[in-house]
Amino acid sequence: MSKPVCAIVGIGPGNGASFARKFDQEGYAVALLSRSTDYSSELAGELANAKAYACDASDPAAVVSAFDQVKTDLGEVDTLIYNAGSGSWKSVEEITAQEFELGWRINTLGALVSSQQVIPAMKQAGKGNIIFVGATASLRGVPMTAGFAPAKAAQRILAQSMAKHLWPQGIHVAVMIIDGGIRSPHMPQSDGPDKLEPDDIALAAHYLTTQPQSAWSFEVDVRPMLEKW
Amino acid sequence: MSKPVCAIVGIGPGNGASFARKFDQEGYAVALLSRSTDYSSELAGELANAKAYACDASDPAAVVSAFDQVKTDLGEVDTLIYNAGSGSWKSVEEITAQEFELGWRINTLGALVSSQQVIPAMKQAGKGNIIFVGATASLRGVPMTAGFAPAKAAQRILAQSMAKHLWPQGIHVAVMIIDGGIRSPHMPQSDGPDKLEPDDIALAAHYLTTQPQSAWSFEVDVRPMLEKW
Amino acid sequence: MSKPVCAIVGIGPGNGASFARKFDQEGYAVALLSRSTDYSSELAGELANAKAYACDASDPAAVVSAFDQVKTDLGEVDTLIYNAGSGSWKSVEEITAQEFELGWRINTLGALVSSQQVIPAMKQAGKGNIIFVGATASLRGVPMTAGFAPAKAAQRILAQSMAKHLWPQGIHVAVMIIDGGIRSPHMPQSDGPDKLEPDDIALAAHYLTTQPQSAWSFEVDVRPMLEKW
Amino acid sequence: MSKPVCAIVGIGPGNGASFARKFDQEGYAVALLSRSTDYSSELAGELANAKAYACDASDPAAVVSAFDQVKTDLGEVDTLIYNAGSGSWKSVEEITAQEFELGWRINTLGALVSSQQVIPAMKQAGKGNIIFVGATASLRGVPMTAGFAPAKAAQRILAQSMAKHLWPQGIHVAVMIIDGGIRSPHMPQSDGPDKLEPDDIALAAHYLTTQPQSAWSFEVDVRPMLEKW
């Protein structure tokens, strides 16, 4: 029997790599989608059954074509993790319309278009998982998140609209609210006891895909024990 | 002494006209910005000191140029009411990337760019009001608001980022959460006891501009007495 | 014609006095309910038509009997402002069950029982206002508000349950979210530019009672221009 | 080595029994606290290492004494699950002060006092779990939850205050938001596809106790795939 497919949009040496390793270990074929494949093809080489795809998540046509290739290579997607994100740290006075738009394209539009590539087959199968990697910024804006916070807020409410529409059809849509800084792989272990460990974020994402249908979570916050909130 | 200027983006015979009439009555010169000036120039003719401007709120260049003209004609803006909005009633499966983007351009991007046109003079003056006309959809998504709700959520969180940045400089940024259907001017009075009356929404907007600096509101919900919520 | 009656529960030289003066100016007969009448009877003497009542808001029997007296003296209550509040600044480890209960009795139970004294006549009249003076603590707990925040959260959600039940009957239930420190009457004017002025809070409360039925607010936050939030 | 101890307050044949069975299976000694021990002592008999305790959660003295007995019998508590709850389905007009108080005593005060019995040893150990079984009512009130919703809102915000205080000391405080009806053990399997299965709720509770310290969740919603929300 062929492996179920997990597609991860947004691959870097932090969260993206941890999602890939976790779902690989759990027996998934893993599609790694990211703007450049420099890192992701190296990562794919370390995994049992993974493949890297170049995909600019901010460009709908690129997303459509990357997912087409994933389906041809690996089959229909069972689990989508939308991890692409970016944000300028600017106030309303500093941010340009271009920067504002780019943040929205990556965090919000890309999440919509990626989801649209996997929903039809999930409906057909009557099951599937779509997980957006969100942030506390989705719940509140502060002066320097004039671009980032609105994009994440839109992403979260999009997930909620999707969840209410797709859950009854067996598709588990959820959003993770990452609250805190994330440990970098280049950071000595001793430096980050107050930061989120990407492998632990991946555990939480995988957990969501294992919940029984009678008790699904939509929104799960994760933050370090030592976080101020 | 010249009148203070109120710029209203999004003018139709409902809310837009009511905002215009209220601020006209309160002694403001009123700039009416809307895609077409068919209705707004007629409305301008009924008011003491108003002028209609063609402005596609979804197009940053058009917004910049319309506000330049407003300043030339009427002077710097004291109060901005961002009333432009639109939304398709579609689920994640039905909405196209183009429709999703257009909703965001009108509800969110236009609100940013319009605000950026008035902030510098407000900072200079140490005072001013920026009011976004929001919606309950900003707080929750439902199946058929896959496009509208994310755009309104982004608008609301943008307002929050702006408020935290601009309040200390004397600029009162606020968002009104309209919760309910709005009476149409073509509706017989007897038909809409369960709907919001645009003149009453305008009262609430004007009230916000009169609050003393020690007790400003950021977020004000308005809904009909008979609304189910 | 007799004056409408405003009953204010919780009277001190800050918010309570400002509510009393505002509604007095607006032509209400004002009932001042507070544990001790030392201050409130002095305040009553300054107003056109006011009367002080001893009432321990944490004691349901005392609340019932005080409101009975108010009705006998002044008539049925048109507007209730529930301003009684108190809170210990303690963590879960420090607070006793007694302190926890007292905070709930004053902030929550007293609000319920006071409301129950005025609802029947308001229903009869098909109009009335019930305003709870709430706090940001109702929306989030922090380490040292183990007692205060839960009591305020309960008060706010009680108001929401009441609003959904009573609005369709013409009774405007609302909650004010006070976010920030409040100026004391003993504080020199120059000291508090970053604090809420009680007279300005009273303006906002009175505004709520003037909203037309097509556009009622349930929840209004007020904070100083200079507040960090 | 002795087993870790899980204390569950509120034991019936639904959630309470499922929590007990799950933590029993996971190798805990389980203390079952409930008003009557009729059912809980029978349940204890089915488990490897469990004991039933009579405890009226609404009575602080009874809670203190029951936990004293638990510690004597089984040792310090590692994981507390506060599952006691009750609620009248009444509007503000119907609920009595007594009913309102009882709901608060069971849902809120009992949660505080139970927590206070286990916190000192958890601090000493630098670890532990406290999980409150909450409800959607904690987030919004509706007409008929004038008693239940405020009590659950207070419970949730108490948990938040506790979490911010205790997480840095190694104690994982969390709240589960149960959103939906719960299957009864007497209901035929075919009847409840739109209801929460208690065993699945217990899975989610146990999952919370396994999260690594870099990525703890505070608030987890669980609802059936078919729930309307």
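Labels for the chains are A, B, C and D, by order of writing; each one numbers its residues from 1.
The criterion applied here is as follows: contacts are C-beta pairs under 8 Å (C-beta built on N, C-alpha and C of every residue); 3 or more make two chains touch, one makes a residue touch a chain.
All of these numbers come straight from a predicted model, not from anything done at the bench.
Any chain that touches subunit A and also touches subunit B would be listed here, but there is none.
Distances between chain centres, each the mean of the C-alpha atoms, put D farthest from subunit B.
Superposing the C-alpha atoms of subunit A onto subunit D requires a rotation of 180 degrees, rounded to the nearest 5. For the pair subunit C and subunit D, the fraction of shared interface numbers is greater than half, so the two copies use mostly the same residues to meet. One finds 33 Å separating the Cα centroids of subunit C and subunit D. Centroids of subunit A and subunit C (each the mean of its C-alpha atoms) stand 46 Å apart.
Shared interface positions of subunit A, i.e. residues touching 2 or more other chains, are given as 164.
If you draw each protein chain as a dot and join the dots that touch, you get one closed loop, with every dot joined to exactly two others. Every pair of chains meeting the touch criterion is listed here: A-B, A-D, B-C, C-D. Within the complex formed with subunit B, the subunit C residues making contact are 164, 167-168, 170, 172, 183, 192, 195-197, 200-201, 203-204, 207, 211-227, 229.
For subunit C in complex with subunit D, the residues that touch the partner chain are 60, 91-93, 95, 97, 100-101, 104, 108-109, 112-113, 115-116, 119, 137-138, 140-146, 149-162, 164-166.
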